[in-house]
Amino acid sequence: MLSRLKMDRIHVGIVGGTGYGGMELVRLLLEHPAAKLHCLVSRSEAGQRVDDVFPHLRGRIDKRFQAVEDADLTACDVVFFATPNGVAMHQVPALLANNVRIIDLAADFRLRDPDVWAQWYGEPHACPELLSEAAYGLPELNREAIRNARLVANPGCYPTAVILAFLPLLQAGLAGPGSLIADAKSGASGAGRGAAVDNLLTELSENFRAYRVAGHRHLPEIRQAFDGIANCSRELVFVPHVVPMIRGIHATCYAEVSGEVDLQAVYETTYRDEPFVDVLAPGSHPETRSVRGVNLCRIAVHRPPESGRVVVLSVIDNLVKGAAGQAVQNMNLMFGLPETSGLNFSPIAP
Amino acid sequence: MLSRLKMDRIHVGIVGGTGYGGMELVRLLLEHPAAKLHCLVSRSEAGQRVDDVFPHLRGRIDKRFQAVEDADLTACDVVFFATPNGVAMHQVPALLANNVRIIDLAADFRLRDPDVWAQWYGEPHACPELLSEAAYGLPELNREAIRNARLVANPGCYPTAVILAFLPLLQAGLAGPGSLIADAKSGASGAGRGAAVDNLLTELSENFRAYRVAGHRHLPEIRQAFDGIANCSRELVFVPHVVPMIRGIHATCYAEVSGEVDLQAVYETTYRDEPFVDVLAPGSHPETRSVRGVNLCRIAVHRPPESGRVVVLSVIDNLVKGAAGQAVQNMNLMFGLPETSGLNFSPIAP
Amino acid sequence: MLSRLKMDRIHVGIVGGTGYGGMELVRLLLEHPAAKLHCLVSRSEAGQRVDDVFPHLRGRIDKRFQAVEDADLTACDVVFFATPNGVAMHQVPALLANNVRIIDLAADFRLRDPDVWAQWYGEPHACPELLSEAAYGLPELNREAIRNARLVANPGCYPTAVILAFLPLLQAGLAGPGSLIADAKSGASGAGRGAAVDNLLTELSENFRAYRVAGHRHLPEIRQAFDGIANCSRELVFVPHVVPMIRGIHATCYAEVSGEVDLQAVYETTYRDEPFVDVLAPGSHPETRSVRGVNLCRIAVHRPPESGRVVVLSVIDNLVKGAAGQAVQNMNLMFGLPETSGLNFSPIAP
Amino acid sequence: MLSRLKMDRIHVGIVGGTGYGGMELVRLLLEHPAAKLHCLVSRSEAGQRVDDVFPHLRGRIDKRFQAVEDADLTACDVVFFATPNGVAMHQVPALLANNVRIIDLAADFRLRDPDVWAQWYGEPHACPELLSEAAYGLPELNREAIRNARLVANPGCYPTAVILAFLPLLQAGLAGPGSLIADAKSGASGAGRGAAVDNLLTELSENFRAYRVAGHRHLPEIRQAFDGIANCSRELVFVPHVVPMIRGIHATCYAEVSGEVDLQAVYETTYRDEPFVDVLAPGSHPETRSVRGVNLCRIAVHRPPESGRVVVLSVIDNLVKGAAGQAVQNMNLMFGLPETSGLNFSPIAP
């Protein structure tokens, strides 16, 4: 396989190419030196030229969206699902049986327990037997499993920002017994490209609010990761908010920490060799635009005086490190490519 | 009636009328049925017509900004200071001596301890003897003192949103011993109208970040209020963020709460008679635009399952309930007017 | 006085209260000293409390939306239609027969020629016999007809800004024979509150584009008004654009002008007695925020050197002078109230 | 020289690296396969690490800004000036004398007539003898001159969008004798990164306005280009506006056109071989986000019925095709590289 890959680019299929995750996958894969877009599947846009649906791609892609039944997905080396939750699980088993590897950007394979999945997603899981096989696609947590996986569950955007913020603390056993708190803020692209009054510019602009305080679907995903890291269940309060901007997540994470440990050193050590996590200098305040368009999480660690608390600030681009970029990072790992392949460029600012 | 009003209207002076707090005071006082703008002082714009500086006020005001030495401030019944921190304290004693009442929208009289003031504001206080006399102008906390005050220290915008969020909990002694956390988000007008690269649209738009995690000047102000309420010092972690919008503050406030107390009832009871605090129905998520342009704090109380935490969401318009509107509310109290006078209109949405 | 008002307030019905035009009507009428909201009709929200649908109105209105068949519209003195195009024309004849006056914020009664209407709106008109009776509700053009009208066709938002920009020029016969050009820019609320991918924040924000250059429905409306003013058909090129903001229209209008006429004087004279048109000083550039939330059109007149052209800049709030505010202005005229009643307050800036 | 270049990357210096043009040059040149950033000059930030000033570049650049006297500019193959107007003209002669080629992103060398320059820029030109030598750096107009130039005057952002919109029409002699009109709209980054109240988010957001209708400095630049193309002076009305967004220019351009000529074919033919101009299909409306971050001008041609007018819609990213990208395109031409080198990637949307 590797030798074929050396000669031939990785053939990639994308199912659900018309949402923001799919759009961003197209952008990244068009520039990827070792990948080739083989087919793009969209139910709603089947037959349309990709650059008619996305005029910003005129001159860069000469393909049409296909219906799933017309697409040659089994000829792909890897298929990305950028579909709504609950779609991939119906198509993945057949593709795996054809030796196609899968990276699912939706939530279908993120939770290991099918009962928990059913509880949060409102229907029974269609292939629960695959849940334990799927590798949770956060390389900083799970790199070796991803390398060997047939099926990768690409993490949610909030979980990526929040887990990377807490990971060094939990691995080192430094968080006190109280609840962890993740106060997270996301740009509007996190809600997807569906037509909804709540997501109109006229409703979101000049406005800020929390949502789903009673329980967001990313909560069980983060808790599951915490269980794996700390080997014990950790309570988490997770409050998401929507920011009047397009891209970006900022997670402000709080934990009790006692003692005199040098947290800055702990974070720097944990992420020293990570190409896509950047621990800022003490006193820094990462801003979401500093990662706009790139596959990167920037983190700063603060200890407000006399509070017994650590405050970790974590930013990502929800469509890149929080979705399509991380998916490409996972593809690189699965196919033995340099992990940064196709992901090594500068953010766009301002 | 008209002739009585002509004689009886409160004569108002505004010092520092060219910032956003001053602009908003002008808007509110122009419509106030019992107030009359007597003079507006601005060092930088002295001699200019108000509606040349603020073209949106064309046709509504026929005055010029004056230099402080030309303005007849002692003929005013009340003078609002909407100046930068450290200005009012030099002018207030002489005005008080002339029986002019003062409402200071800056921080000069908010902290009772002159050493704490000097520590956070970087210079010695010019009239420390007035600090204990000044009434902290949060009517929901301090109404009677305000009614009788010569000098009111109008609260900061963040403190207004945060104190109102925690007040019922602290008064009822329901917050556990751990640190309180206030994760606060503000629109850009909170930073004022000064020329600064950091506040350009090109720097703030499509961007989100925290700032001053190591210590914001509103922290000692909130702590002082907490001390007064709970009669004991409470630790607070306060993290401010800037949102790419003009107006609005959203404070997401966390506390430990044990036991089965009905927090919704506690909040509703506390604020039952408050004209400017609205406790939303359980499960609500207040949005900042729901208070845009009006003197109102909307609050929702959440208890995430299994967390032992309460999450209180609190929104205000930082320029109204967080500044000019609250100042007018204080003026109403000081002059025996109905508390809602001039403040009883609908938010503008979308 | 209070008892007289209780009896005498105009009873108002609103059909289609859940779009942005309807929301703005509610805001304005709640503060109107001589009007009383009698009923609000919404097909989609029938049975819902108004302040559940629009939480920003909590505490200000204690009514529910009703289905049209449950609403007591015939008991109203006036009914505003804030419905999509093509709805009012089916309900208006019966209401007129019951002596209810009508102000339609949609396009149903704006065009006098039923064939032109059918051509632009894609269906035959349901009551063409009313088209010649309806008064075009631009008071600056048509005040006397409005005073006496049973049925007022409230102008479109673009036509309001564009006609007011060209009116003095056309009335004075000063525009040369070449085409008039109106390059118009609108905030996103002009597109309404419907769920549509094109109007998501993620699609509109950080973006600018023209639309419908080949022909927008406001074009025949403007042309009809020009015909009435200049007594001859004038060609117009009208290009609308969408601005990433919520409220506001800016029309940049171009015409050939020859000779040495003092255009500033012509504009000032034309609008000298108009309460809701403000001609700015020479050299000014009106900004949309200077009219945010208020019923006002601000205009500036420029003559670029050596060009033989006049450039007229005209701004309104599309939801106020471009919709609900103008509708209230028309109501005031129809009921013999002071024209500025309920419309006399300051813009909100920033 | 070329043989050295084949082995060694082009050594590049940037003077004025801290504005938005300079930031964008850094982004583009960091990814350029044949260029190497040799030195960055900034008076205000001399001694600072580039990634301390621009944290989004952490991990991508390991250099410091230098004072001009410390920088080894004469060792560069090419120096870009991204300084305010009036700076480059004082430094360019000495660099040219050292065989360093120059690309000036400011206006110093754009106008051929030193009197016109002095009139619009308010001071005498420091090296008028270079004005006739400088090549106007719009490749679509002037490619051969650029290839052979020592000194390139990179066009203004508005002129790039406007000239490319009118070029096919003027070259073909199709525009009628009336004035041309360019109604242009720019994002806020066009005003630069200087601290100015007018450019605060609080002033620009939720707002739209025209500015400098009486005369903008880009007007003589566009006129000069029109003179060169059409071999006769053409009047132009140019009205710039500021859009509440960061990046992007949309020019809506109007001209009289008589006869039945197929304008779509004229435009497609003119730009058939241009790598960075994209003529859209008839009926299209280009949006600014479709060129965000890339070196591209997209154009659509409309003929509103019965108007005798053509409407050309033209969009660019003002910082890329309107500044830094075009500068790199010019560098590629000057050094015999493929014209698209370092500029061949996809826009970022949404």
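Labels A, B, C and D are assigned to the chains in the order they are written; within every chain, residues are numbered from 1.
We take it that a contact is a pair of C-beta atoms (placed from the backbone, for glycine too) under 8 Å apart; a residue touches a chain by one contact, two chains touch by 3 or more.
In UniProt terms the chains read A, B, C, D = N-acetyl-gamma-glutamyl-phosphate reductase.
Given the structure is predicted, the values throughout are model-derived calculations rather than measurements.
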Homomeric contact chain C-chain D: same or different residue positions, threshold half = same
Separation of mean Cα positions, chain C and chain B [Å, integer] | 36
Distance from the CA centroid of chain A to that of chain B, rounded to the nearest Å?
-> 40
Listing for chain D: what residues touch at least two other chains?
-> 20, 189, 202-203, 205-206, 244-247, 286-287, 289, 292, 350
Quick one: do these chains touch in a line, a ring, a star, all-to-all (complete), or other?
-> complete
What does chain A use to touch chain B in their complex?
-> 178-179, 181, 183, 185, 187, 202-203, 205-211, 213-215, 235-239, 241, 243-248, 250, 252, 254, 256, 283, 285-289, 292, 302, 304-309, 311, 313, 315, 350
Which part of chain D faces chain B closely enough to touch in the complex?
-> 20, 188-189, 193-197, 199-206, 244-246
Sites on chain A touched by chain D in the complex | 20, 23, 27, 30-31, 54-60, 189, 205-206, 246-247, 278, 280, 284, 286-287, 289-293, 298, 345-350
